[in-house]
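Per-chain residue numbering starts at 1, and chain names A, B, C and D are given in the order in which the chains are listed.
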């Protein structure tokens, strides 16, 4: 894993509306964006970075690339990720929302086979405050410090970052794992990474109803984590959506090995309770719980 | 590579007409056929070997299996090979003729990713005379000895084996690489194996018109082989088939790096001549050339 | 988005999954022209697996009984919904009933095959008997046979059941589905298989490349709007909520409930990375969202909570001001409370203060203020509904 | 098996590859009802890329000229074949002509994408300008873009050309094809692309699961028989050859030529591992093969060379004897020479010797004997054609 200013960052879909909007923001923050890829734009430049028609051309010209940030439209995401993997890029930040889940399944099969880290899809990406912005986070909301933030949300992550920053609690890294049901990286994977990250002293986990990511994270925290964790869950009062038939409940419950109410706020809160993880009632309560965890740590 | 009596051999499609016919012949020769797989026949037996519904059940019951011989119908071959690979069988003898080439491409992608040796499709398989029969070769045509035989044909391979045996020249191994355009193992791969095989002193290469397998083999022999090779080419007077359009010629010629007459008898004979490999005029002349090669060696 | 049973069965039929002869009934009198021979099952086409217990399924032996039964079903609400159409299907007497499904699983990040020999109406009580096979690599038929073996099938049922599972999988992939379920899969004494009921869940994100399904889904009255359209979710309270991003919207609704307020409805404008609605068009979407929310007469106050990296506070404020200017001239609007953070906050607050719209930087404060507007009956004068007229006349 | 141009273009059209408006012409008078506006190109529908040079393509401006041109083309043999149908197509004036193809490559064991900016009639002389991309893993669009870049394309042509290459690839996979070629792909000055001529090679082994293509191919007069049917290949000489396996058949034909004999035709019975015709039915196939071969009046002698592990020599001999018994009663048959090896050789030789059919174990001897029958005019008495009658009366 290399998310530092000493890495090389590529942007796929640099000339798409979202790409064109966020490339200058990332550059302004000091992110080492070395090139953009947009088929048909090869030879042109965008905000001072060269554009290529193919990822492999960028690699050929600029040497190995560490991370690619993907802004291409949803139905082009699968191809963009396969192209990046074929060019031996092993960190993919997949910003785009609306990727058909079967495409995500297919790109993750290839990512697993090649040991490629995929963050997302449907994510604000990653910010290492004071160092590097790999996504859409508003930089002014964050400041360097000891709190690692993991979240399934976008704007709610900004909100939590802002609350921490205002309380004088800077962040070591803020990771949006993505809002989709099928995701490249899980809470569990990132907990493992942050457990070993020297800059991180406490972890904030921002969850949502749906899926079993929080339940699995809670079990993992109880079993394997030494650093303190503070959680928040959005959606306790959300109207119930259409359930995914019998199979939805069945799959989640069989795999998580718990009751079939998996995915509800109750299930997630119970899982955190079992794992003795303090849960904030509201975003503004998070800094207080973090401070308490830091004081005990 | 393990083609000995100390290996475990599975037959997929054991209850298919071809499977049912050749299983007893292979057993009679001493081939260690430990099980057959035919969905729906699990729990039954065939010629004293147990039948399973799934390959993984056979592996579960009998431990790791070295080689699977596949007799299933053409459109079921892709699935059978993927099933064998998923059960961690790394040697596949693919007897079936008529596999759609795109299925072969797909199964070979998976075979390459898992370092699985695929012999065929459309092949009589392998015989190690006096030891093991993995395919449809008529055992009485062969006898142990120092000649390694590599062939793209079926019955013509039997013919060549018989000529050698009658001339008192036994065989170390006889391999049908298969008659299709897309094949799992190439002449080149087997030449490399036989070069290092202590039992093999001379190699007979039985080629046919079409494709560039012989041309590539000739180049490889000239560059990398110490053991003597004798060749034979069938089809010098065959009526020209429908050529495969421009692309057919182009692909072969660009890859082989030679003229676009690639695939013709003339091209193959010229390639052998360049590589100084003696070519028999007729099958009955092969033993004589082999004897000469052995005498010189 | 779920398809109705008859739509799911049409897809099954196209894939070669066996279904019974059937006919759609739009009106009870359609039964006079019934081509399916009696006895026949009439089924209410609504979205629930439990309609049988609620009287939505009836067996009939002749036309007169059928018409009477159809009239009853058309007038029977199931979970509050009346069917627009019934399905008249041949009656089938299964020997056994299996359960089969293919779904996407977030934990393994793979499609999974599910199956049980104990299918039928009480599947929820038999969850622990359902077997599961994860499709690790590219699908191949042996995964389906693996499920059949795990289900405990023997002999010819291994291939006949796995062949149906394979078709369900191919349907899932070909049509970008989230779920394909057959329950029950009837098994006759001779081993014949028949999908008696089916469920298909379409993936909304994929509708843009599944034109057939998009047409089908559009015909369903409760269908959600196209991917990037705005959708108003109605609730039971008095506060309208306009928010950006699903997580923040849920958090906002939670906070309202915690402050004893009740949301009347909400519109989620979406996060920063929707390809079809980039931040550049957020201003338009704010105006549309406010319009949707304020059409609901039960809304006594509106909370706008926008957090975005793509659009400044001032741009949001301008969009709100422009909505108020245009709309307040035509109709009565409830008071607005705005919560903003980020660039140009102070300019934004100044702009909205000028038209008497309070702006907060703290989410908690914005919520307690909004809730107070709907609970304290005598509203403060400066938040009375007609204030925006000041701007309209300015 | 190649498709005709109009069939290939129909497939292109289904895949969304741009083709010109066109109409099939079965008879010159069909041109009176032509819906394609003039000027029009009339093209002979035969299998060769060089038909233009041979007069098989004509441009016409009006109906009278068109009918005359069509009559000429219908009566013009191309490589010995007359067209059954012409294609009337709108005339198009390309700015440039590209070459594109997707094929299967035996060396890399992968599909390959091929392309050049120098397409058109003289492609053979420009082979070294054709760029190639091997589709290593599962196909994805970037492989097609990689080809476009290698071809030297820039700007919007990268995506427009690669989109056509992608469609060609998807067509290859969806229809189990060996080759999809577009030459030329016309490029207009505005960058519009149009497939002016196309070639599609169907894979015979896959026809069993491509029912649409199987129907199409069956309509082609020179189509080969179904996968396991027997096929007689006609040649110019006097010896009929019945043999088992393609390699052995070719070797046998080579040996006949080496011995100054000339093959009249041959039937390859196939090897030991065809799923649809296992050794168990080899006896039937031997009888059918002999029937096909001996229908040809130019056959002066028949060589049967059967090497099989599935069927014994005696079984082969029985099949030959039974054929002779039945057929010789009805018609004159040329003399047979049989070459066998393997189990029960002596019983087989005994059986056939009894009906005066010589059996050899050596391939070389069987061939020199057969050739001698066709070159030495006065045949030996014991091989005279009517000998099998001995058996028939036995």
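Throughout what follows, contacts are C-beta pairs under 8 Å (C-beta built on N, C-alpha and C of every residue); 3 or more make two chains touch, one makes a residue touch a chain.
Bear in mind the structure is a predicted one, so any value in this text is a computation, not a measurement.
Trainee: Counting C-beta pairs in contact, which comes out ahead: B-D or A-D?
Mentor: B-D
Trainee: Would you identify the chain whose Cα-based centre sits farthest away from the centre of chain B?
Mentor: Between chain B and the rest, the longest centre separation is with C.
Trainee: Report the inter-chain centroid distance for chain C and chain D in whole angstrom, where each centroid is the mean of the CA atoms.
Mentor: It comes to 55 Å between the two C-alpha centres.
Trainee: Determine the centre-to-centre distance between chain B and chain D, using the mean Cα coordinates as centres, and give it in whole Å.
Mentor: Once rounded, the distance between the two centres reads 26 Å.
Trainee: Between chain A and chain B, what is the gap in Å from one C-alpha centre to the other?
Mentor: 50
Trainee: Check each residue of chain C and list the ones that touch at least two other chains.
Mentor: Where chain C meets two or more other chains at a single residue, that happens at 137-138.
Trainee: Could you pull out the residues of chain B that touch at least 2 other chains?
Mentor: Counting only residues that touch two or more other chains, chain B contributes none.
Trainee: Name the graph shape formed by the protein chains and their touching pairs; answer line, ring, star, complete or other.
Mentor: Topology of touching chains reads as a ring, each chain with two neighbours.
Trainee: Give the pairs of chains that touch; include all such pairs.
Mentor: A-C, A-D, B-C, B-D
Trainee: Which residues of chain C touch chain B once you look at their complex with the stated criterion?
Mentor: 136-138, 140-142, 145-146, 149, 154-156, 158-159, 162
Trainee: Across the complex, what residues on chain D touch chain B?
Mentor: Those residues of chain D that touch chain B are 1-2, 47, 49, 99, 101-112, 114, 123-124, 127, 130, 132, 137-138, 172-173, 176, 178-179, 181, 183, 199, 201, 203, 205-206, 208-209, 227, 233, 235, 244-248, 250-251, 253-258, 270-276, 278-280, 307-310, 341-343, 362-364.
Trainee: What does chain B use to touch chain D in their complex?
Mentor: Interface residues on chain B, with respect to chain D: 16-18, 21, 25, 71, 73-75, 95-102, 104-105, 108-109, 122-124, 136-138, 140-141, 151-159, 162, 179, 181-184, 206, 208-209, 211-213, 216, 234-239, 242, 244-256, 260, 281-284.
Trainee: Contact residues on chain A for chain D in the complex?
Mentor: 39-40, 42-43, 53-57, 76, 78-80, 82-83, 86, 110
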